[in-house]
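A quick write-up on the structure given underneath.
Order as written gives the chain letters A, B, C and D; numbering starts at 1 within each chain.
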Amino acid sequence: MSTAEPGWALPAILGRRTLALLSQLGGLALLARDLGRAARPEAGGLDRVELVRHLHRMGVRSVPVIAATAAFTGGIMVLQAAPFVEQFGAKDFVGFFATFVTFRELGPLLIGLIFNGRVGANNTAELATMVVTEQVDGLRALAIDPVSYLVLPRVVAMTLTMVALVLVGDAVALLGALGVAQVLLDVSLAQFLDSALSRLETWDLLVGLVKALLFGLGISLTSCFHGLRVRGGAPGVGRAVNASVVASAAGIFVADYLSTFLLP
Amino acid sequence: MILTEPVPPPDPGPPASPAASPAPGVAEAAVDLHAVSLAFGPKQVFRDLDLRLEAGRVHALIGPPAVGKSTTLKLIAGLMRPDAGEVHVLGQRIDDLSERALGAVRERMGMLFQNNALFDVSVGENVAFPLRRIDAGLTEATIRARVSERLAKVALAGFEERQPAELSGGQKKRVGLARATVADAALVLYDEPTAGLDPVTSQKIYDLVRGEQRATESTAVVVSSDVAGVLTIADHVAMFYEGRVVFTGSPDEARASRVPVVHQFVHGTLEGPL
Amino acid sequence: MATAFPSPGSLAALRFQLRELVKLTRRTLEMAVAPRRGGRAARRAFAEQMHLVGNRSMPFMIVTMAFIGAIISFQTALQSQEILPDLSQVGATFTKLLVRDLAASVGALPLATRVGAGIAAELGSMVVTEQVDALRMNNADPVETLVLPRFVACVVMGTVVLVVGGFVAFGAGVLVGQVAFGIEARTFASTALLNGGDVALGLAKCATYGGAIALVSSERGLSAFGGSEGVGRATTEAVVGSCFTIIVLNVLLSTGGHFLLPAL
Amino acid sequence: MPIRFANVHKSFGAKEVLRGVSLTIEDGECFFIVGASGVGKSVLIKHLVGLLRPDAGDVFLDEEEVSRLSEHALRPIRKRCAMVFQSSTLFDSMTCAENVALPLRKHRGLGAADALVEARRRLAGVRMEGFADALPAALGDGLRKRVAIARALTLEPEVVLFDEPTTSLDPVSARRTDQLIARLCRDDGVTAVVVSHDLSSIFGIADRIAMLYKGGVRFLGTPEEFRACDDPVVRQFVRGEAEGPMEV
């Protein structure tokens, strides 16, 4: 890593970072605009073959790791609640506490982070590899628009997949929480379900899904953007993936924060 | 540390004849692979491969793509281990050595990698790297002198402070070459030293390989797809085909070979078994 | 490295990776206890990695942890409103949750994304450009020269970053309590429920996660193969592997903590 | 489709690669662009299909000014003018047949299944029918190159650009590739523009040769003239000598 940056004065650093951030946001906006154009049928439209392939690769094959994450998360939530349950004798609340936090907050957030690591990073790596090995130029030379052929199906597939995975994850997390509550805190199945169902509203679940949609869109755009922008051979691919997952993770937290406060 | 002991100091005397070897009389083997078998997953690369490369010569390893030429170099360097069989290098069996014990053998070897494998530090530091690792006792001034002497030899004098990323393909190759030979290795391995280079640049690299080997009376093993080019500097050729060595001999013998695969490969004709 | 790879994603591959990870962990710890050769280059490598893990991740982590703190505080307050009408305990609860678990466990995920991807990308590209082989040819053990500095840096600076992040999250939480729920900062910033066990458990988690990120990512990076595609794959697997390892370790440490360092 | 470069300049950062290249390539020619590594041969031909744009100067294809067209307007040009890249650029997530089927599916309006059938037929044309279901990663460089050629030819282009088609191939595969290119020009009337520094290819199949040196055209003529040229730089290149005036 070279640290040959042109200055370390605070204003310089701040200025550089702001510029970098703005150029990234600008690039994302341009990509989004190109996507809009690419979606029109005369530009090629959505490639169905690619869409199905990506749905399978991104969705079906992510289920195990997402399910495992969700199960552990559900368990951890109850584990963290344990001292308070014991202190305040709030057994009736365990079910609600675990499901509410999982549905609204931790489910989408953790699944988003894992999805970013698995699918987003993979996507950047794949596109970046296609760029550095000139496969993208190869597409262009075949008169095929890379945005309509490569980016559009990926964005659609990732967004759909993310929402579906959060639904799956919510269900599995519920089971994980249930198990731990029963074993560790001696909360019965009926007690758990009763507390969850009586207090939980559909809206709580929907908030999580809206977040999932936002994260999916954000991750897919960011990962495609960084993948297509790569420079400099094999090391460049690693750097692109690194930049992409970091930017997406930051985006996830910002989006999560905003939606937590905007969606009551 | 064995630094200077096995290698005679660079001798600017008359170039040794191809047959010359460190132990006159008996031609000593720098590399001896005996009954080596190796598989990558289901793919069998070698089965009972035998290969003997005499010391003090330039050996060319040729053959169609993916027949295990580069793999052979990695076996010799101890970077890979055979599934079965023995690998002897510079008089020592290395296939059963620990990574640490291999170190002593590797100090007498140099390797030019296909992708050059230059580190992300300056050209000077790249070339100095083997010196710093081998003998902690060398003074900074000695190291610097040897680095600039070596860079001058590959026509890159004054490039010490440059970064590898700024260099052209041929220049990177020469830095890699300087790094592989800076510690006066007794055995230097070259993996595709001219891949992707034009004929003029290729010939310059070959001349450097040959000149270095002659000056230090070391052993050079060159893997190359550029058959015509590598035959101009080799003393001895081994051709690989379907996991075996199908030919060994001098370049002239290779050109004159009646074995169909060898003939077709060396002459690049379209009709034949390949 | 290894000559036979089981097909990726299979159980055999997972077992294989785990075995490699255990091997690497053992060798790194051996090296850490008995350093062989020091010298200027080694010291520089350590300093460089410390800088990379510490200073270079700090801005990202501070931003992320501020959002996390705000979200957790918001949710905790919302939850406790359901259980107890009185909000005086929210701050203490929040603090305890943060110290005992969330600062480390939630903070470690973005850290894994940032640092893990970086390590795997760098080591992976060194492998596919044969630089690791070149190191070995020059008697420089990759574990000693590459993995050990990253491991130490991640344990030390990872802890530092997560602790700083914890304070930032705490500050953000206090702010949200004040603004959104009208809880006096003095009431909110309470350590009433905190004990030594919480602090010990929190710190143990920070250090463990840091080490895990370094080891998982290094192992993935060093086992990269096959050009730029391989680097991308290694980076992806490092992020997912690190996140997943953190979640599993969290379950183990939290369960252990539940019995050894009780919360109350 | 005649091709004309008019005073093309191109720099990358501070590095000036092309400093005024002017060339005309006639219909149906097998035209070689040769020169040392890094002299800008690939850069030059990428201008023809709009993958790069000149800093100054113009590139004409059939009197159409390629260098001024938008990415969208370039599409008809790219259908008539195919390119075979040095690295083959096969899509590595698809089988060989799927690779060849892609342009058919996209531009000929064939359904996925029909495209695959047609793709297999095309692969048979380069003697690759046995590898239709193999992934490109499983093939050697020489075989990959043949699939790439089949893919480039799917739309029956009038011009095919070859970027170092024989680099890193062993001698036998290299001569096979030469033969394929020669047949395209002789039998199908295709214009082939070949970037290469492989002397055997150059003297084997070229109709005319342009040698680039220091950003300009140093030599232009037939193979016989190339061999007989008394310019020391050209002579050094033709003989592949290490010593000489050529700066590399």
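By our rule, a contact is a pair of C-beta atoms (placed from the backbone, for glycine too) under 8 Å apart; a residue touches a chain by one contact, two chains touch by 3 or more.
Treat the numbers as computed from the prediction; the structure is a model and nothing was measured.
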item	value
Label of the chain whose CA centroid is most distant from the centroid of chain D	C
Among all chain pairs, the one with the most C-beta contacts	A-C
Length of the line joining the C-alpha centres of chain B and chain C, rounded to whole Å	43
Distance from chain B to chain A - Cα centre to Cα centre, in angstrom	48
Between chain C and chain A, distance of the C-alpha-averaged centres to the nearest whole Å	19
Rounded Å distance, chain B centre to chain D centre (Cα mean)	33
Shared-contact residues (touching 2 or more other chains) in chain C	129, 229
Per-residue multi-chain contacts in chain D, two or more chains	92
Of all residues in chain A, those that touch chain C in their complex	1, 17, 61, 65, 68-69, 72-73, 75-76, 79-80, 82-84, 86-88, 90, 93, 96-97, 100-101, 104-105, 110, 113-114, 116-118, 121-122, 124-126, 128-129, 132-133, 184, 199, 233-239, 241-242, 245-246, 249-250, 253-254, 256-257, 260-261
Residues on chain A engaged by chain D in the complex (per definition of touch)	43-44, 49, 53, 126, 129-130, 133-135, 137-145, 149
Chain D-facing residues of chain B, complex	63-66, 168-170, 195-204, 206-207, 225, 227-229, 264-270, 272, 274
Chain D residues within the chain B interface of the complex	35-38, 140-142, 167-176, 179, 197, 199-200, 236-237, 240-242, 244, 246, 248
Chain A partner contacts - residues on chain C that touch it in the complex	9, 48, 52, 59-60, 63-64, 67-68, 70-71, 74-75, 79, 82-84, 93, 96-97, 100-102, 105, 109-110, 112-114, 117-118, 120-122, 124-125, 128-129, 180, 227-236, 239-240, 242-244, 247-248, 250-251, 254-255, 258, 263-264
